[in-house]
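Shared between the two complexes below is chain A, which has chain B as its partner in the first and chain C in the second.
And now, the complex of A and B:
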């Protein structure tokens, strides 16, 4: 009996030792800075507690906060649609060459950093950029009548281009793992491709897709390079405002207040993610 | 077993030999704010030159990024290692705003009187950085200036003042572009110039004293700027303005003179694009060489700056190769240069233009007020 208890004790100690390095990393590199940033958001320059930083953040950047939420939400929805289309074609596509080409192509943006994607989009989406000039050379449009997309639209295009492969990778994997019998049964009963995708496949992979979209949402929320390099106008995303508060005014208080708003948005997404993980007991 | 012993012996030998070699070779850490051209200048031009004169010394140049953000990083690093006995930055290159703050915090050494080129610097910018007294703590590396670039194929008679520009933009909507205040200093400079042009007491903004109520008088001025903005293109960054000029999407926009000439000599800006410094004036600023108070190699750092601010290097490196205006007195630099190289720099923006229309940035608190008022009233 005693020996058992001591074994149990050893075992617990072992587990603690195993967890310790990871826990220490999380505490030092995530929890500590997060705590510091929260404290700074509620502290005035003279060190007293205050809500001033939040008042200023909402007064100056209220529109940017809404803009950020809209941009990231719209991008997430578009990513969802594209992901369903890509995954659906990979599973249902009748043309093997087209499926193979799509399979090899769609992942590429995954390996390109945001800053490089943004730099490419700058020349691609500009008024006299590659896209408009190509369309004009094909005789489809007149460049003079076009405007560039280097504004909120450019941010969405870049986000969707960059994050779709990540979600599509998860979703197409889940789709490939489905029992094909259900798909074939539906096809035998005369269901078209779109109907099979919407009514048979998507409901079965909805959980994985939701998780992928939540991760994409949180990633896009934190990107600074894309809005700063694509769009010069305002409103802009709050990451740009945070950088501006720090760099131009050395004002960490308001920057951290904006950070707090950003955590709140990410926290909402994390709540969806956690609820799903707990409900299904899966790490995804 | 034997193999392990050999391995250990080799490792031990390596460990013992490392400090010995480290003592012989000195690494001079030069950290610079600013665009990539600053790092290129230190790494490809000045560093090798200094290493040649000082055998055994390696110059390590690191960039911290463009604009005040880059200087802020240097400031924060020194502030963080304040308690250490020796700091790992020997020479830093920073902007005016950070220089004032860092002198105030005691992070910089007073060195310019110690070096032979110290007496070649008599400009106001070497003594006063946005209202802070930095005399003795800084040596200007170069001066730079913003001006309006215009495409001669689209604009034959460019506006000469802010008022004329305002009228031109009304007639030619979406043909003028600038990068707001969050995408780099050329846009900030344009906005500051706008306030200078419309403010009744520009001198006070530059020389002080500071009055927090002054910003209230800018409300109508900024309302006009908001109206002006409706007819302009907001570009993504300093480089964004130049890109749009290059692609013919805009006909005019504010740029840094040095960046403009470098892009033009690289073939990234058509030769038909020229510069005009519009009245009553636009700001420019120097960047400073500084030595941190507890720099590990302070003496070498001073030697490095003495070389960097010598008339020969200022002529060949700063003016000829990188298109900046010299940091030390022009009278000392001019004899080192052939007439063609000298005049190339002053074709579009003449020395008289610079003297009358090249303005410093305002006092730091006014500067912040201008930016924040823009955020409140214009965006």
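And now, the complex of A and C:
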């Protein structure tokens, strides 16, 4: 907010007091536990500083760490591609009926909780779920060799299903706000839809798309229910390992070391996000 | 000929998308009305609403959990709005000293994975007796919903013409009175959207409740999770449908309240 627009905020202390309760809440219930988590990751049971928690975390869960990074990265890339396709068609699509259908379709999973999405997929992707039955009915898979998709593939499908609508909503909003003149000029000069999308539209909405993808990436790194419900076995995601260390062994050291790994994975994304969002003054 | 091919392609892609979006939901509905269904049968062997009676009988876990969930979500909305309305007003309206640092702190929960935060909060709450209490779960849900609630409120306040408030002050209203009687009512649609959002986030929240609520607080998502892992897919599906209805309802309403473009204009 620029200073000249506001002469109500004369009392600076008063304005600060308005924000103080919300700020205190975030400091007490996010920043402080974050600090606790960082300290605990580097502290041994006897209170001395150590790297032992990390050694143990990598020895026991090294594969899961890689598995987590791969799943979340692949999901983010797929979400990005789908989002570009959906947003692009909504802006450039020449057939109003198809555009309207797509618009009413893609948003359905937007507010569906992860846990419900996981339960849906747990049955949809199962051996006798609708997915396999449909593929078999279309003759695309052999009934005899049917196996479910309830492993890393199922986790990716669930993540993409759940997170694409959110990013697509942000990106298509930004695309709709673009100046149509450059798009029409390019079209008049004979550029095809794909070329307009890649060379003209996407560069202009890259910032919004990046924020959407970072938020999706960070969210997926925090989800506990989906990996437990979709793929119970090993390898699994580190969220499951953290819950296991805490609930079964009260081993906060190793759990927080894994927590540190998850912050590190989010680190670059978080930095990009915070830089842009603080500058724009908006979380989206 | 080319037009036909085009429509076939569009129809195929849109049909595939519709299948991927509604297929999982359809499978959930099938389980909700199945009585017996196991591999290799493609469809339930016996159908009916037997499990609905079990889920919704007054003494069931689901009904109790629904009550707990709604209670927690309602208190969370009250607390969140009490924090978010003044903060949103300050961010949307005031000249805020240290604005960038405040923004940075308020944005942190969005930027880092929060699962490790939750079990450390649980450890903290255990020490002060907040674990397994409604208050503990409400606090965790409130901090989770707060960031977006503040921003929806800030967007609502920033969208209101400052002149209206100044006019009220010119005819003698105090700044508090102008804010409460002029600006607050105008911001109401945004604040209602914020309340619905926080309510849904709380109703759907799983991970925080999983760590902080144990062993005494059982919300709807926890009942669903337990039923699913125990293989009671019918009960899990019916509980999931109860969670699904408000989520889909809000999605269908969202265009009235929240526009991505409007959100992007804050600040």
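As a working rule, the second predicted complex is superposed on the first by the 260 of 284 C-alpha atoms of A that agree within 3 Å, B and C clash if a C-alpha of one lies under 4 Å from a C-alpha of the other, contacts with A are read in each partner's own complex, and residues count from 1 in each chain.
Assume contacts are C-beta pairs under 8 Å (C-beta built on N, C-alpha and C of every residue); 3 or more make two chains touch, one makes a residue touch a chain.
Fair warning: this is a prediction, and the values are worked out from it, not measured in the lab.
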First (chain B), second (chain C), both or neither touched by A:60: first
Which of chain B and chain C A:116 touches, first, second, both or neither: second
First, second, both or neither for A:234, with chain B first and chain C second: first
First, second, both or neither for A:129, with chain B first and chain C second: both
Which superposed partner A:255 touches (first chain B, second chain C, both, neither): second
Chain B versus chain C as contact partner of A:185, first or second or both or neither: neither
Partner chain in contact with A:170 - chain B first, chain C second, else both or neither: second
Partner chain(s) touched by A:264 [first = chain B, second = chain C, both, neither]: neither
Chain B versus chain C as contact partner of A:244, first or second or both or neither: first
Residues of chain A touched, compared between chain B and chain C (which is higher): C
Interface residues of chain A shared between complexes with chain B and chain C: 122-123, 126-129, 228-229, 243, 246
Contact footprint of chain C on chain A as seen in their complex: 1, 3, 5-10, 12, 15-16, 18-19, 21-23, 25-27, 29-34, 36-37, 40, 95, 98, 101-102, 105-124, 126-131, 133-134, 161, 169-170, 172-174, 176-177, 208, 214-215, 218, 221-225, 228-229, 239, 242-243, 246, 252, 255-256, 258-260, 262-263, 265-266, 269-270, 273-274, 277-278, 280-284
In the complex, chain C residues that touch chain A: 10, 14, 17-28, 30-31, 37-42, 82-84, 86-87, 89-100, 102-117, 119-124, 139-140, 142-143, 146-148, 150-151, 158, 162, 165-166, 169, 175, 200, 204-207, 210-211, 221, 224-225, 228-229, 233, 236-237, 240, 243-244, 247-248, 250-251, 254, 259-261, 263-267
Touching residues (chain side chain A, partner chain B) in the complex: 59-60, 122-123, 126-129, 148, 150, 228-236, 240-241, 243-244, 246-250
Chain B to chain A touching residues, read off their complex: 67-69, 72, 101, 179-183, 187, 234-237, 240, 243-244, 247-249, 368, 371-372, 375-376, 379
